[in-house]
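In the two assemblies presented below, chain A is common to both, partnered first by chain B and then by chain C.
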Partner chain A sequence: MYRYILSRILQALVTIVIVSIVVFSLSAFSGNPALLMLGPDASNEDIAAMEKRLGTDKPIPVQYWNWAKHAITGDLGDSIQLKRPVKDLIRERLPNSLQLGAVTFGFSVVIALVLGTVAGVMRGSFVDFIVRFFTNIGHAAPSFWVAIVAISIFAVRFDILPAAGKGGPSTFVLPAVTLGMATIAGMMRLLRSSMIEVLASDYVRVARAKGLEPRVVILRHAIRNALLPLITVAGLLLATIVTGSVIAETIFAWPGIGLLGFRAIQEHDFPVIQGVVLIGAVTIAFANLVVDILYGYIDPRIRLHRSAS
Partner chain B sequence: MSAWAVAARRGASWPVMAFTRFKALRARGMPLLCVGYILLVAVLAAFPTFIAPDEPLHIDLEDSFNPPFWQSGGDASHLLGADRLGRDQLSRMIHGARISMVVSFATVVIGGIVGLVAGLVSGYVGGWIESVIQRLVDAVMSIPIILVALAMVVALGPGPTLFSTPVNIIVIISAFIWAGYARVLRSEVLSVKEREFVLAARVIGASTPRILRVHIFPNVAPILIVIVTGTLGTVILFEAGLSFLGAGVPPPNPSWGNMVNDGRSFIEIAWWVSFFPGLAILLLVLSFNLLGDWLRDVLDPRLRGII
Partner chain C sequence: MRVRGKMTKLTKVIVPVMVVGLIVAACGGGGDPTAAPPPPPTPAPTATPAPTATLEPAATTAPVATRAPTATARPVPTPTPPPTPVTGPQGELVMAIPSFGDDLLDPNLASVVGLQPLSGPIYDGLTYLTPGTGPDGGKNAPGIAVSWEASPDASAFTYKIRQGMKFHDGTDVTVEDVAWSAERFADPEAPSNPSLIWRRNVANIEIVDEQTVRFTATRPRPQLPVGIGFRGGTVFPKAALEAQGAEAFFEKPIATGPWKLVERQPGVKYTYEPSGIDHPFRASPAFARLVMRLIPEESTRVALIRTGSAQITDMSPGSVPSVRRSNITILEAPGTAIVAVQFWGARNPELFATVPLGDVRVREALKLAVNRQQIIDVILNGFGELPPRNLITQLRDAWDPTWEPTPYDPERARELLAEAGYSDGFEITYFTTAAAGFPFTQPVIEAVAGFWDAIGVKTKLEQIDTSTHGTLTRERPLPARIVGTVSTQASFQSFSIDLFILLVCFYGSGFCPGISLLPAADAFAGELLREFDPQKRIELSRAIINAGHDAHIDLPIVLTPKLFAVSPDVTGDATRGVTHLGGSLETFRPVSS
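On to the complex of A and B.
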């Protein structure tokens, strides 16, 4: 088990290093940061002085090394537009994103758990049909469009939910629904099919044959095993939420790091973009690591198989 | 006797009746319906100038926010209404169809080829190449794609165009989509390479490229077709998201994503500007997804629930 955990941690570290190279090279696409900071009227001497101050006159690998050294200690440089440390900007907004993400993940799990299980148990029924209908829509609808339609119905027409900003519990509803739609659809679909599979297995047949109540069979025998595949994709689903938060936060003017990143992109503020992307990538890599370790713990077949290969 | 007739005889309530009817229809008609819609969009995308009733960039401020023809104030000159600048919505949507189609097909072809090679090599050859490719796959899959793609598009600009679609968008989406294919194909190759016919080919001295081409590839091809069809919809949503955030086709040229964005601020007075392009995206993605599910069931039922 320790060997397995150690190898997974090592893999996650390699992943983060590769991501950091991608993140760093983003600035290479952006043109000369010194020119961005000083504007088009700057003299050549000023630009050379600024390049020296920023360290962009050095070779690219040296620049990466310097940047990575600072990034590890949490120093991600200063925002070009806001003239403040990126670290502080992220620290101010990260809690807002985490709250939205947690609320979204929580209610997605609850909805998917209930509906996915019911649909799996009552396969072919009317309820199953409704669940599958919404699963297909959830997979296919553009989240930004759903958000706009939802705003026009619930905020404009009926005026029962706020259209933008962060405040009381009611402000969470529309962003969380937008953000969670694809996640709910994915989880419901997976849970439904794994429930169907589990219900056809021998141990469920035995449980039924020995005369247990259907409720006990489903809640105690079937559901626990049906949940296993859900854990494997939990990291992927979290990645969907992290990525999707850019669109949701932009539409609902949610003061999180998704919106911070979007504004930074519009203003070519590369230190901020790098910081936001790095935070997102580390979150996803960490989630995948936790999921893998958890899964190896729950299901011994996985950890034996993977440390052997 | 059809299931519907049985239900009718039993005196079932109307939602159950509709549902039974739908089930019967779905089994036969659903793949056909999906193919029909996809073909319609494909034809629109191929010949927009012949089909569209108006020029997509034709501004007529007198028609600003003209509603669709069935609402009061609307008329047949703008069947689906007009946007803020009085441009015909339907014509813009017909021209925008091309972007979605070209981006989705081009990216899955490029991403599919890269993913296929990466999957075959890392699954069959193994060793350090496998480790490198797999770590790369992990890294790509843990990048917050929208942000990085957005940053790249903004930094690089849209670049040259291919069938009026910016090439940079195609390249950037392809750079992310291959990883998923490579992961699935690798695990598939791992199981195929243990089979007897591969061993036999190696014993008689077939070269690695030949084994990959003749023995491994045909056995993983169905799964490749299934996952590629399954991701067409994802790619369309992704491109639409980029366009919506302002990093797609540069305005004033229409794409479905940037049309939704155009109408965003005017949702109270002109719902149709955002609504119809979004609906077109939904239907196209839905068609590709349902078709993908159907293909999966036909080609490889084992995959049910995995993909």
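On to the complex of A and C.
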């Protein structure tokens, strides 16, 4: 098991390093930070002096090495626009994204669990049709459209929820729904098909043959095993929620890393872009790692299979 | 049994995550009080705006010229501020803005000084440009300085500082503070663009006496007073800034504006309160609190106005139909941006022989082919004007009322193409850039490409960001692929030709969008920079602009206003709203029901 965990950690580290190299290289090729800071009216001498000061006059591999050396210690450089350490900016905003992600994930799991189970159990029924209908909408509807429509209905027309900003519990509702739509749809679909498969298995048939009540069969025998595939994707979905919240955070003015990244891209703030992408890569790699380990822990067949092979 | 054991572990994983999520939802984390709709501004009695009388300058270096009347009829309601009884400021004014810019209040760090929405409420300049579109608009007016004089050769400028002016902490503004602040702005280590420009233009700052400070330019520069007021005239208390250190000081800077900053949440919101000190040349705030909230998405900002969660926001013409369906007022600051086509190929002789745009008839044809009025009517919902020339608006001194816009004449355009040997048309690739805050740029550009397609010029649009565009256009000679760009540039609604030239081609690097690389225009620009007589400066400015027009080096498509959606319960002066209302939010007051 330890060997398995170690190999997964190494894979995660390699992924993070590759992502950081790609992001750094693309950023370096996409513009000149010195020109951005000094403006188009700066002379070539001014720009050369600023490039030297920023270290961008060196070859890109050297620049990357210098950046990586500091990044390992947590120093992600300073924002070009805000003139503040990137790590401070991320430290201020990451908790907000994590809070939104946790809420989104929590209610997504609850809704998906209930509706996915019901749809699986009542396969082919009108309820199943409705659930599948909303699943398709959840997958198909672009989140920016969902967000704008939600604001129009719940904030403007009925005035029951705030349109933007982070504050009390009510401010979580619209961003979390927007962010969770696709997640809920994915989880529901997965759980429904998993439930259908489990309900057709031998041990469920045996349980029914023993005369157990349908409620007991579903809750005690079927649903628990149907949840197994869900946990495989749950970690990834959580990571996606946290790192993929750019649209929801921008539309709802949520002060998280998604909004920070959006703004950094708009303003070509390369150190911030690199920092945000690195945090995203670390989050996803970490979530993958946790899921892999957890899955091996929960389902011994996986680690046994690996041990045997 | 195995299933049960496995599921117990599973439950241990799922349940805590759900519980944590729900607890966080219930707690909601740190509160942002502005997220909930703020109390509506009290329509009850408020302070009378009554800015104190503006002193006349002893001598102004800004040319005073007759300008064309600029008022235009607009299909928007015009709010009439009712008389309000006098009491203290009450209620809260919330403005939703798309960007905080740099989120920085230290002019040595910020990339734009004086135009920032966040610093506008709290900072003053030595001078400021008068708002409005009438004959008194766009003049360099007294601010912290009451008067100024230029040396005969326009290389030194002497300012008299207003007596009795106070900082937010109650201390007096002294001439030492003025000189020290200007010196600080010139710090060679300051990485900001405005500091760079300041260092390039101002050679020396000296205290003449207790009331007088003199700025010496690096060379004769008649237009420098506008730059001094605009760029380096922000004054800070030397003692407080030195005692606190810059980082701590600019968390809640002490300055002289009618508002003081009381809370700063970078990237989220800034909260201000009236400074409590009678301001000598700006209105006293009518609201007890001013909150600037960062809301990047326009539809969200408009929703905040509709729900009463904010009172003011800026908006694009595309939002006009939805706003008109509600009772939101639209205020406009006319002439704040120009969407223009630049025919870069016209300015590089080496390209003349290789690209169709090198032929003046082709460029004229492309101008005649565009139905700009239709673009204004359809894409901009009527909020725009036909600019007869590029880089100038009717608000500038050099505006010539006899100028006529280029007509829409596709037949003549086809004839010109045929005369130039392109009767079958040709293909071109155009770069497009859009300054932040102008979302209509892309649809306008696509419409232009459509009109060109109609006369046989197949146009491929490539969108690039402004920094990449800036990098490309710095190359000399211009790269052959830069035959043209289409962009929206913020214009400066109330600025005189002095500042126009200062901004456009006076930064010493030779970068001069819209004018440079055209020999005739460059020659006039060189003369203009040395000319001190106001009338001659206007004539030279017109000569520059006409040279560009006659050579068809560009096509101004539309002159657009800056639009503000304003809650029906407040009103104020939006005419200073070049890109924001930071410097005039003190003029907003509740509307009595």
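Worth pointing out:
Quick note on the criterion: the second predicted complex is superposed on the first by the 296 of 309 C-alpha atoms of A that agree within 3 Å, B and C clash if a C-alpha of one lies under 4 Å from a C-alpha of the other, contacts with A are read in each partner's own complex, and residues count from 1 in each chain.
Everything that follows uses one rule, which is that a residue touches a chain if its C-beta (ideal position, glycine included) is under 8 Å from a C-beta of that chain, and two chains touch if they have at least 3 such contacts.
Not measured: the values here are computed from a predicted model.
When both complexes are superposed on chain A, chain B and chain C clash.
More residues of chain A are touched by C (comparison of chain B with chain C). When the two complexes are overlaid on their common chain A, residue A:Y295 makes contact with neither chain B nor chain C. Of the two partner chains placed by superposition, only chain B is touched by A:V149; chain C is not.
In the superposition on chain A, A:V277 makes contact with chain B only, not with chain C. By the touch criterion defined above, A:Q99 lies against chain C but remains apart from chain B after alignment on the C-alpha atoms of chain A. When the two complexes are overlaid on their common chain A, residue A:Y64 makes contact with neither chain B nor chain C. Once the two complexes are laid over each other on the shared chain, residue contacts for A:F24 go to neither chain B nor chain C.
In the superposition on chain A, contact of A:H139 is made with chain B only, not with chain C.
When the shared chain is aligned, chain B comes close enough to touch A:V242, but chain C does not. Residue contacts after overlaying the shared chain place A:Y4 against neither chain B nor chain C.
Once the two complexes are overlaid on chain A, the chain A residues touched by chain B in the first and by chain C in the second are 30-31, 148, 151-152, 156, 250-251, 262, 266, 268.
Residues of chain A touching chain B in their complex: 11, 14-15, 18-19, 22-23, 26, 29-31, 126, 129, 136-137, 139-145, 148-149, 151-152, 156, 190, 193-194, 197, 229, 236, 239, 242-244, 246-247, 250-251, 258, 261-262, 265-266, 268, 270, 273, 276-277, 280-281, 284-285, 288. The part of chain A that touches chain C in the complex is made up of residues 30-32, 35-44, 46, 50, 53, 81-84, 89, 92-93, 95-96, 99, 102-107, 109-110, 148, 151-152, 155-156, 159, 162-172, 176, 203, 221, 224-225, 227-228, 231, 234, 238, 250-253, 255, 259-260, 262-263, 266, 268, 294, 297-299.
Chain B meets chain A in the complex at residues 15-16, 19, 22-23, 135-136, 138-139, 141-148, 150-152, 154-156, 233, 237, 240-241, 244-247, 257, 260-261, 263-264, 267-268, 271, 274-275, 278-279, 281-283, 285-286, 289-290, 304-305. Within the complex formed with chain A, the residues of chain C that make contact are 3, 6-7, 9-11, 13-14, 17-22, 24-37, 96, 99, 102-104, 109, 111, 191-193, 196-197, 265-268, 293-297, 299-300, 303-304, 306-307, 309, 436, 465, 467-468, 470-471, 473-474, 507-509, 511, 513.
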